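Below you'll find a set of structures to go through.
In the two complexes below, chain A is the common chain; its partner is chain B in one and chain C in the other.
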Partner chain A sequence: MTRKHVHIAFAVIALALLIFVPLGQKNYILYVLTSWLMFSIAAMGLNLTLGYAGQISLAQASFMGIGAYVTALITLAGYHWVFGWLAAMGLTFVIGLLLGYPALRVQHHFLAFVTLAFNTIVFLVLRNEDWLTGGNHGLVGMPRPDFFGISTGRNLQFYYFVLVLFVISAGVFFWIVNSPWGRAFKALRENPVRAESLGVDTRRITLLAFAIGSAFGGGAGAIMSPLVQFIEPGSFALIHSLKILLMVVVGGAGFFYGPMLGAAVVILLPEVLRFTDGYYLMIYAALVIVLMVYSPSGLIGIGQKLMQQIRPRQEVRKDMAKGAQL
Partner chain B sequence: MTDTVLSVRGISKSFGGIQAVRDVSFDVQKGEVLGLIGPNGSGKSTLFNCVLGQLRPDSGQVTINDHKVANMRASHLNKLGVGRTFQQLSVFPQMSVLDNIILAGQEHKGSMASRLFGPSDAGLTRAADQMIAFFRLEHLRDEMAGSLSYGQQKLVDAAMAFMAGPSLVLLDEPAGGVNLTMLGSLKDRLETYNREHGTTFVVIEHNMEFVMSLCTRIIVLAEGEIIAEGAPEEIRANQQVIDAYLGG
Partner chain C sequence: MSEFIQLLLSGLSSGSIYALAAVGFTLLWQASQTINFAQGEFVMIPAFFVLALSVKLGFPVWLAMPLAIILSVLILGALFKRLIVEPMHKHGTIPLVIATIALGILLKEMVKEFYSPLGQPFPSLFPQDVFSIGGAAISIPDIANFTIAMGTIVALQLFLSRTRTGRSMQATAQNPDVAEILGVDIKRMVMYTFLINGALAAIASILITPVYLAKFSNGEVLGLVAFIAAIVGGFNQIRGALVGGLLLGVVDNFSAAYFSSEYRQALPMILLIVIILVRPQGLLGTSEGRTV
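And now, the complex of A and B:
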């Protein structure tokens, strides 16, 4: 059995579980699972920007916000959700492209502050522009869409609708990261100077990393609007960008399944730990600290370490960082 | 179009009060292997960076394949047929050797959009395998580049520089840190490539034995100026060169 076969088998089993597990579940569980799928899409986008292309961004929640508000405004105006979804992704793609420009000049923590500032600006616009966004009161009553007479109004139906979007998003993500673009993104992350010397237009690829990652965020926001049917600026504040960053880091930045796993931990673990009452956040934080100390490459990194015990494979030589300076 | 691949005319560059390169001129013909040597601080790296368009000279002009390269981005230069290697290891450590080599060629295949919609290997697996075989790296094809030894990574680095079929390759200390066995292999591959493809090389190198045996012509820099130019045997016997190196 080749590695490719293992991946296909894993994907089929995972999909089967995603189809059958929600059957017979209560509304709250369905809501949590739908949230997980939605945040997985947002985290996929950040994984592309950060994990694959190496560009730090603390603004993913703001793209979700833009996507959610655009979709809300369009659907509340009587248009179908699909138009909102397309507009959300298109607009966040363009805004992500513009946000990518500072990344051409600043890197690392400086870039983190630029994106952090952007998130704050978006939050302030959403809060202060009452005429458009409803201000602190937000927007309510966004309808869930119908497709060819099939309603997604009930929670289980809406879950399957989001599952379809999740599968499409994961497919597009897989296609991009396995295309020559994906190789160029990784090259940008690992050695931008060398990449440029090999003909990779690092400016264009940096902008694309931001734009595509942001569009995934916008797409996730477009789901949030009919999922919650009430959106307000607080849902897209900086803390939520940090939450999405946590999903990517905990799951494993730069790995295909990383954001899905990370989103599962960040969304589902607090629910699992709820029986500990007031201690759940402390336990949750402690677990994250232990994970980061033991495995900076996240849960996927733990899996790789375990696999390394069973079937040793090559690993990147850390001594070469010094060897390179001989 | 002439046979001159690289033309350097009157290049001067200073940093503050320090004159790093002073009125340097030379041409490199198609298929030539030019060595650029000199003691530390002689201006080799500054000249190299001026040639690669990464430093704008205070005066003078660099032309590669009839294109002026001042301030040209490295990716554009690469599209003009310029390959290069780096002094430090410059492979992509978390990619396989095959992916490293494919990356080095993919930007020359089609447009940006066609690369997204085309095959994931940009149709380059076969060409990459040939390049891997040329550098005798077949047994390492699917290994992560970062897991290889220093010398093996240097070979991958060189293979990447040749993948797009450049007309000019600038090699920045290719022998640095490479053991004798691997050095022989590297030299043999460079000579063979030069012979088979007529590719022009400019080599900056401290390893005198390596540079003297590989290059057909050598330029010696000292204090930013050319102090000698000629065939390796002439350079070896040149008293000015000996003095510059020994501080005499």
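And now, the complex of A and C:
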């Protein structure tokens, strides 16, 4: 069996689990699983920005917010959810381009600061523009969509609907990462100077990565509207952007399964650590710091290190590996 | 007109405190390429050192304040460098940024759980008197805050440019390799920078907390303002951080009075985005000329 076969087998088993595990589960578990899939999509997008293009975005929650509100307004006006979804992804893609363009002209992780500012501005707009967004009360009663006469109104059906979107998003992500574009992203992350000298237009590629990543956020937001059926500005505050960032980092930035693993950890950990009460966030933050010290490539990085111990692979020359540091 | 002067003065007063946090932020960046996303929490925490020492342990306030400054030099300076920055430096910038974000959350949650989730009254160093000049009401704390904050920055600038240690620190920031060849103990110099940042954060904390209440979430706004001040002024200059801080304080005050109190928080962000668009090196900054 080659590595490729292992990967395909893993993906098939994972998909089978995702299809069969929710059968017969209670509503609450279905809700948790659905929101895990939703956050995985948002985190996947950020993984493209952070893990592949090496830029920090602190606005993923605001892109989700824009997606959620756009979808809510469109579906509440009586149009089908698909239009909301497309509008959400389109709009967040364009905003990503507009926001990324100035920030990526300069380095020092300015994108982090610009997106930080952007997240705050979006939050203020959502809160203050009552006529459009309902202000602090938010928007309620977004309908769940029908497809060819099949309703997604029940939780199990809605789960499968989100699973389909998740598989599509993961497929698109996989395609991007393995396309010539995706290779350019990787080249950029591993060694920007070399990438540039080989003719990769690093600025354009980074900008595209950020915009596509933002559109994934918008797409996840479009799911949030009909999932929760109640959206308010507080769900898209800066802390939620940090949460999505931590999902990517904890799972393993730059790995295909990293964000999904990270999203699972961030969403499930509060359930597991419920007995610790208010200490949950503290424990979590401390774990992230420790993880960054020992394995900046996240949980998957730890897994890889362990695998190396068991089955050593060819080593990269240490002086060549240095390029990975930004 | 008198209202204008009033707003200008109180804006300069809070702006000079922002400048303290922003200067510390730029110093860390220069000396060790550390972007400290927990800087706001670094300004929030020392106020709680003072409260813990004075309210819980019964120290008099005049003793609690210097002790709090020493504590933050040790914890937010030395311990932060040893435990978090040093082991992570070899991994590059991004893991360190993530770690400081996590550290910010950790500090905030610790204060919330172990001290109090509610705003705490904080002793002011100065009488709350107001006197008037030409119809403008000027408060004593404003003048005092401005004087102390500016005095601290001037002293720091003198230390950096006039003393041997200060110049070695500058050399380390500008070119660590050459500095080391010339016999500068660069590790020690970087450590000094972290200690100074701890002290600046503590002074800013003691000055600004009486204006609000001492609350675990104070750092969110302060941190953002410190970043924006540093970038607006120029990331690689102390002068820049100073100008950025003052500008932000004044802009914030004027926007609350003349523009819109709802979007008051947004104006510094808009300023940030505009500056990055038209003058990415900051108002006083010099371009570093490297994009990768």
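Heads up, the rule we're going with is that the second predicted complex is superposed on the first by the 293 of 326 C-alpha atoms of A that agree within 3 Å, B and C clash if a C-alpha of one lies under 4 Å from a C-alpha of the other, contacts with A are read in each partner's own complex, and residues count from 1 in each chain.
Note that a residue touches a chain if its C-beta (ideal position, glycine included) is under 8 Å from a C-beta of that chain, and two chains touch if they have at least 3 such contacts.
Just so it is clear, the structure is predicted and the values come from calculations on it, not from any experiment.
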item	value
Partner chain(s) touched by A:Ile310 [first = chain B, second = chain C, both, neither]	neither
Partner chain in contact with A:Arg204 - chain B first, chain C second, else both or neither	first
Contacts of A:Ser179 with chain B and chain C, given as first, second, both or neither	first
Contact breadth on chain A, by residue count: chain C or chain B	C
Which of chain B and chain C A:Glu196 touches, first, second, both or neither	both
Which superposed partner A:Ala187 touches (first chain B, second chain C, both, neither)	first
Chain B and chain C footprints on chain A, overlapping residues	193, 196, 202, 324-326
Of chain A, residues touching chain C in the complex	50, 54, 56, 102-103, 105-110, 112-114, 116-118, 120-121, 124, 128, 192-193, 196, 202, 238, 242, 245-246, 249, 253, 278-279, 281-282, 284-286, 288-289, 292-293, 296, 324-326
Contact set on chain B toward chain A in their complex	73-75, 77-79, 84, 86, 88-95, 99, 102-104, 106-109, 112, 115-116, 118, 120-122, 143-144, 146-148, 150, 153, 160, 163-164, 176-177
Residue numbers on chain A that touch chain B, as the complex places them	176, 178-184, 186-187, 190-191, 193-202, 204, 254, 314-317, 320, 323-326
Sites on chain C touched by chain A in the complex	35, 84, 87-88, 90-99, 101-103, 105-106, 109-110, 112-113, 220, 224, 227-228, 231, 235, 262-263, 265-266, 268-270, 272-273, 276-277, 280-281, 290-292
